[in-house]
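Think of it as A, B, C, D and E in the order they're written, each chain with its own count starting at 1.
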Amino acid sequence: MTNQQIAEDLVTKYGENVHSFEEPWGLLTLTTNRQNIISLLEYLKKHETFRFNFLTDLTGIHLPENTGSEFGVIYHLHSLENNVRIRIKVFLSQDDLHIPTATTLWPTANWMERETYDFFGILFDGHPKLIRILNIEEMDYFPMRKEYPLEDATREDKIDALFGR
Amino acid sequence: MEDLLIPKNTSDALALNRPIVEDTEFTTLNLGPTHPATHGIFQNILKMDGEKIVSGEQTIGYIHRAFEKIAERRPFYQITTLTDRMNYCSSPINNMGWHMTVEKLLGVTVPKRAQYIRVIMMELARIADHIICNSILGVDTGAYSGFLYVFQEREKIYEIYEEMCGARLTTNMGRIGGMERDLSPTAIAKIKDLVYNSLPKVLAEFEKLFNRNRIFVDRIVNVGPITGERALEYGFTGPNLRAAGVDYDVRVMEPYSSYEDFEFDIPVGHNGDTYDRFMVRNQEMWESMKIIRQALENLPEGPYYANENHYYLPPKHDVYKNMEALIYHFKIVMGEIDAPAGEVYHAVEGGNGELGFYLVSDGGRAPYRLHFRRPSFIYYQAYPEMCKGVSISDAIVIMSSLNVIAGELDA
Amino acid sequence: MSSFVQWLTESMFLWKALIIIVIFAITLGIAAYSTWAERKVAAYIQDRRGPNRAGWGGLLQPLADAGKMFFKEDFIPAQADKWLFILGPCLSMFTALMSSAVVPFGNSFIIGGKEVFVQAIEINIGILYVFGVVSLGVYGVMIGGWASNNKFSLLGAIRAASQNISYELAMGMSIIAILMMSGTLSIREIVSQQHGGNWNIFYQPLGFLIFTVCAFAECNRTPFDLPECETELVGGYHTEYSSMKLGFYLFAEYINMFASSAVTACLFFGGYNYPGMDFVEAQLISALGANVGHNVATLVGIGSMFTKILFGIFFFMWVRWTVPRFRYDQLMNLGWKGLIPLAVANLVITAGAILSGYKLVGIWVGLALMVVLISVGWSIRPKKKNAILGA
Amino acid sequence: MQNIFSLPPIWYTFAILSVLTLFGALGTIMSKNPVHSVIYLIVTFFSISAHYILLNAQFLAAVNIIVYAGAIMVLFLFVIMFLNMKQESDEMKNNKLITTAVITALLLGSILIIFLRRAGKEKIDGNAFTSQTGMVEVLGKSLYGEYLLPFELISILFLVAMAGAVMLAKRESGERHF
Amino acid sequence: MQLTNRAKKTDKSELSLFERSYLPSLATGLGITIKHFFQKKPTIEYPEQKRYLGPVFRGHHILKRDEEGRERCTACGLCAVACPAEAISMVAQERVKGEEHLYREEKYAAVYEINMLRCIFCGLCEEACPKQAVYLRHDKFVPVFTDRSDVIYGKDQLVEDMNHRYQRDAWTKEDAMKLWK
């Protein structure tokens, strides 16, 4: 089972909905949209030969320059039996940060989605309990977005003897 | 009162599915954030019927330190210090995993000797990690002495760290492109003494103290069992998944750092209960020792760092004499050497499971986005399901055997 | 008035008072040094050195601890039941101190022609007294745990109550076997029947085992320390306690250990008896004269008693630092399904042996028969192939 | 009236114990907190046991403490702790209940007094009293000799009660009726 | 699920009746613990007795002077840049005439401060220093502080005392390698 086979299979199944195939360091990477993501994940999970039955990771990314698709949700799946990994990306617009939840397929997606929500504000529709997980609940912004940069280490207008410049 | 006499037969796997009538009055018990059994700071809010747990909910994030955010401003070599603080019981594994991720991105090949040294350090770290988990399981069930017997060995491992990198807990060991220094003769002697001499003896004694001790066995057999399928759905990796019978080990499936050179077995359990987790960890310590012995015996000669002057600091004496070296020294320290753009996922077998680094680089001096796949964070979700219907004693034993490290949980 | 004075002088009141005070002091002293010994034993078992800063080898540690306890802030939680909160540790301490009253620590001194037993009170239901006091010991824990108004404390208190009640039964039954053999309830008589090396342990090995296990449970020591198990219930019933009230609880545990070691020594190890005691006494009497010789022999007997007690305390500690603890339901299973049937079997075997006329042989044969029966029953039980633990 | 100081010491003991008994009994019914009630009741049991000792019935005294104070009251306390009855219930303030209780108590008291007055008035024979009266051996002999049948019948009754309790408490897994 | 051919089941055989009687494991356990009771203790009486922490232990910071007692630091700021915790700050100053016996280079750190609350003792500053000026001593810990005002270590605490010079076997890892050979 090669990346080529998987890619071809997905293209025949999903056609235009899967695109931007890449293979950085041998890891098949593709992009889809939020209408198809759950069906794609389910297809991969239940596929007879692929059997991507393990959700390794789920996280978000913020690309402010990508107008129209500023936020990305990145899924890493792993087919343990074939020992093949696959990376699936979904890009969302800043104005409509909704994506269906993957908790229906893997309970482990629960906290990963909560973490992604916590840091990026991406809303996972259908998630059983979409609240912040690592940050305090009173927090009113999403800290991993690029509009909240860390302070420049060299700035000098904020000198505090103990807690930094 | 009869509630007291429940867990009638918690050793019954069916106990998980025992229906609970909702008309009883439940009590809420806050297990943590500073409960002696949480070994770190996280909270479990348990709804209890007598001593039986009806449902639970976790609150985490008490020591969240925004590593992923901080990493977006730090040059690659400084992020090592962040990884130290994730699973602080086995920080060399985190360090090495991070270095390997960056090396993958940069396309650096590390010489064989450095890879072997890394394997030795990672396996030592794994032993230290498993020692903590298993001996603390003993403490949580009330047997304190075994804990201190094996902790002396962990102390020896820490002395090896000291010899190698100068610190004990937050090691900051290794550099991008190799190790920061070679194995010293003292370190080799200490490692040899550990894996040939003292640790096998102490570990055998530890196993004699616990493995067939009926009190201990009764406490942990069939406590918190999880099937392989359910464990996979919950994203279990590492010893906890192997205890459930799935022999998934990153070292074997996707060998990194020359793991393909070593002969070792993957211990797997039977039904994923606490006893299996305990035994798998114990057995893994033996396997780790096996790996270290092989690595020591076949330790190749040669450099301990890649000849990549763009990423690996030049020797100090060159810095004084050689203009080029001085420039590289400054550029590396200032973090002014840009990494190629790209996205990398690299996984290593951490103490608790697959420790993944998802690194997106936009070609700058720091990661554009860095995500840590922290095994504790992922499998700790399963805790409420695992402790449903059991007594509080079992809940603590399950938590202890899952080896949830607060630093890794919260990043 | 006169009758009172007469009674005071005629009875052994003053002597008794002296003995009670001495026993009291020794109890407290041993309990205090038990805390030191616990830490030392734990340390040595765990390859450590233990307290060694306060005095030589840390010998002043108990004093330092007591001082610290007294000067710590005495905190009573706002929602606690104040009086019961205070009553709890007091009761614990009180019942713990009461139990050693009937233990004969030695034979007797002859002073001024009068024979004074080395025992606070000799009552002919000594064992029942011990048993009653022990059964009251749980009140301190229960009341303290309940009054703290803390869920962990309450759980500890509840565990303590059910544990103590359950294990008292088996304990009582194992004692009954002893009573059947000796035919008396008085501890002094039971002890004097074990003259020399004729100790009950040889007649009652199973009874001894059961009694020891129950003693561990009654003292809340590992592996039965569920009421206070640190990693589950934080501190169990004494979670909310601080200062000397906490000290009382901890102290009571050590006094209980002392008392149960003393009772075990009396019931199973012949108390102040030791092999060759007659010879020693005869030698001493011929060397020092009848009265002094007898008194010195009694002192030697007291020494043997305390050796046994101290070893008992050491054993308590040794086991504590070796084994893990039970879970609640396993504890109950062991008590009700393990120890009580065994105690009943022991009773039957003892009765049979006494009736048969060959006590020693009869009991050992009976026990061997029991072991054989159990093994046979075990080996013919339906088995699964390739069975794994607990499946 | 004799001089109060010339009374034998046992008299003081009796007086103190009686006061204590009554104090405990009153405390039991008057305290609002059930846990306090239990503790008062224990005080009562203790003083009654002490009375037994005054009557040279050491065995009874010990058994009273072991069984009542040591086991039954522990179970009571145990149950009360579970029920968490800290807040006083409104039932206690109900006037009707109080009147009923008073009437019942008065009736019971009068019945007791009537029967006690009618009870046999033969004096205890002081000469028949030996140091062994009330001791274990005597007690055992009468229990297993004179009163063997009732004694065994009572044992069977207890056994039946125990089996019944076990049956009641035992339930199919997952099934709860109360 | 079998993924590799290296899986090895752990031992989980049932306890025998003898083992189920609690006694054998109790006996072996007691044996092991009593053996340890009489064993030699590895304890170190800490404040009196100190363990050698290894040649590269990362302890208290020190600003080295050279043989003539001149400060080596040239205030290039590399250590401050390399510090992941941003604990180091300095103010550079030009050396003036007559100060040659104090500072080796033409530029020196007039103020050199390490915030010990922030410092994580990672050793990156030592590695970054191109002048071999800043070191983490292997023989001394940073003591605990009880006051926030003690937290920032200035040059008074950091610069080497010429009367008690800090010695170590090898000043760089290359020197150390030579030592082993």
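The rule we apply is simple: a contact is a pair of C-beta atoms (placed from the backbone, for glycine too) under 8 Å apart; a residue touches a chain by one contact, two chains touch by 3 or more.
Quick caveat: nothing in here was measured; it's all calculated off a predicted structure.
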| item | value |
| --- | --- |
| Chains in simultaneous contact with subunit C and subunit E | B |
| Identity of the chain that, by mean CA position, is farthest from subunit C | A |
| Chain closest to the middle [Cα centroid of all protein chains] | B |
| Chain pair, most C-beta pairs within the contact cut-off | B-E |
| Relative to subunit B, chain with the most remote C-alpha centre | D |
| Rounded Å distance, subunit B centre to subunit D centre (Cα mean) | 62 |
| Centroid distance [mean C-alpha coordinates] between subunit C and subunit A, Å | 64 |
| Cα-centroid distance, subunit A relative to subunit E, in whole angstrom | 39 |
| Rounded Å distance, subunit D centre to subunit E centre (Cα mean) | 71 |
| In subunit C, residues with contacts to at least two other chains | 45-48, 158, 162, 321-323, 388-389 |
| Contacts with two or more other chains, residues of subunit A listed in rising order | 80, 83, 153 |
| Residues within subunit B bordering two or more other chains | 5, 8, 145, 149, 152, 209, 213, 215-217, 232, 246, 248, 253, 270, 275 |
| In the complex with subunit B, residue positions of subunit E that touch it | 1-4, 6-12, 15, 19-22, 24-26, 28-29, 32-33, 36, 42, 53-58, 78, 81-82, 84-85, 120-124, 127-128, 130, 132, 136, 138, 171-174, 176-177, 180 |
| Residues on subunit B engaged by subunit A in the complex (per definition of touch) | 60-61, 64, 66, 68-70, 72-73, 104, 232-235, 246, 248, 253-254, 342-345, 347, 354, 356, 358, 360, 369, 371, 373, 377-382, 410-411 |
| Subunit C-touching residues of subunit E, taken from the complex the two chains share | 12-15, 17, 26, 29-30, 32-34, 36-39, 41-43, 45 |
| Subunit C to subunit E touching residues, read off their complex | 41, 44-49, 318-319, 321-323, 374-375, 378-379, 387-389 |
| Interface residues, subunit D side, partner subunit C - complex | 5-6, 8-9, 33, 35-36, 39, 42, 58-59, 62-63, 65-66, 69-71, 74-75, 77-78, 81-82, 135-136 |
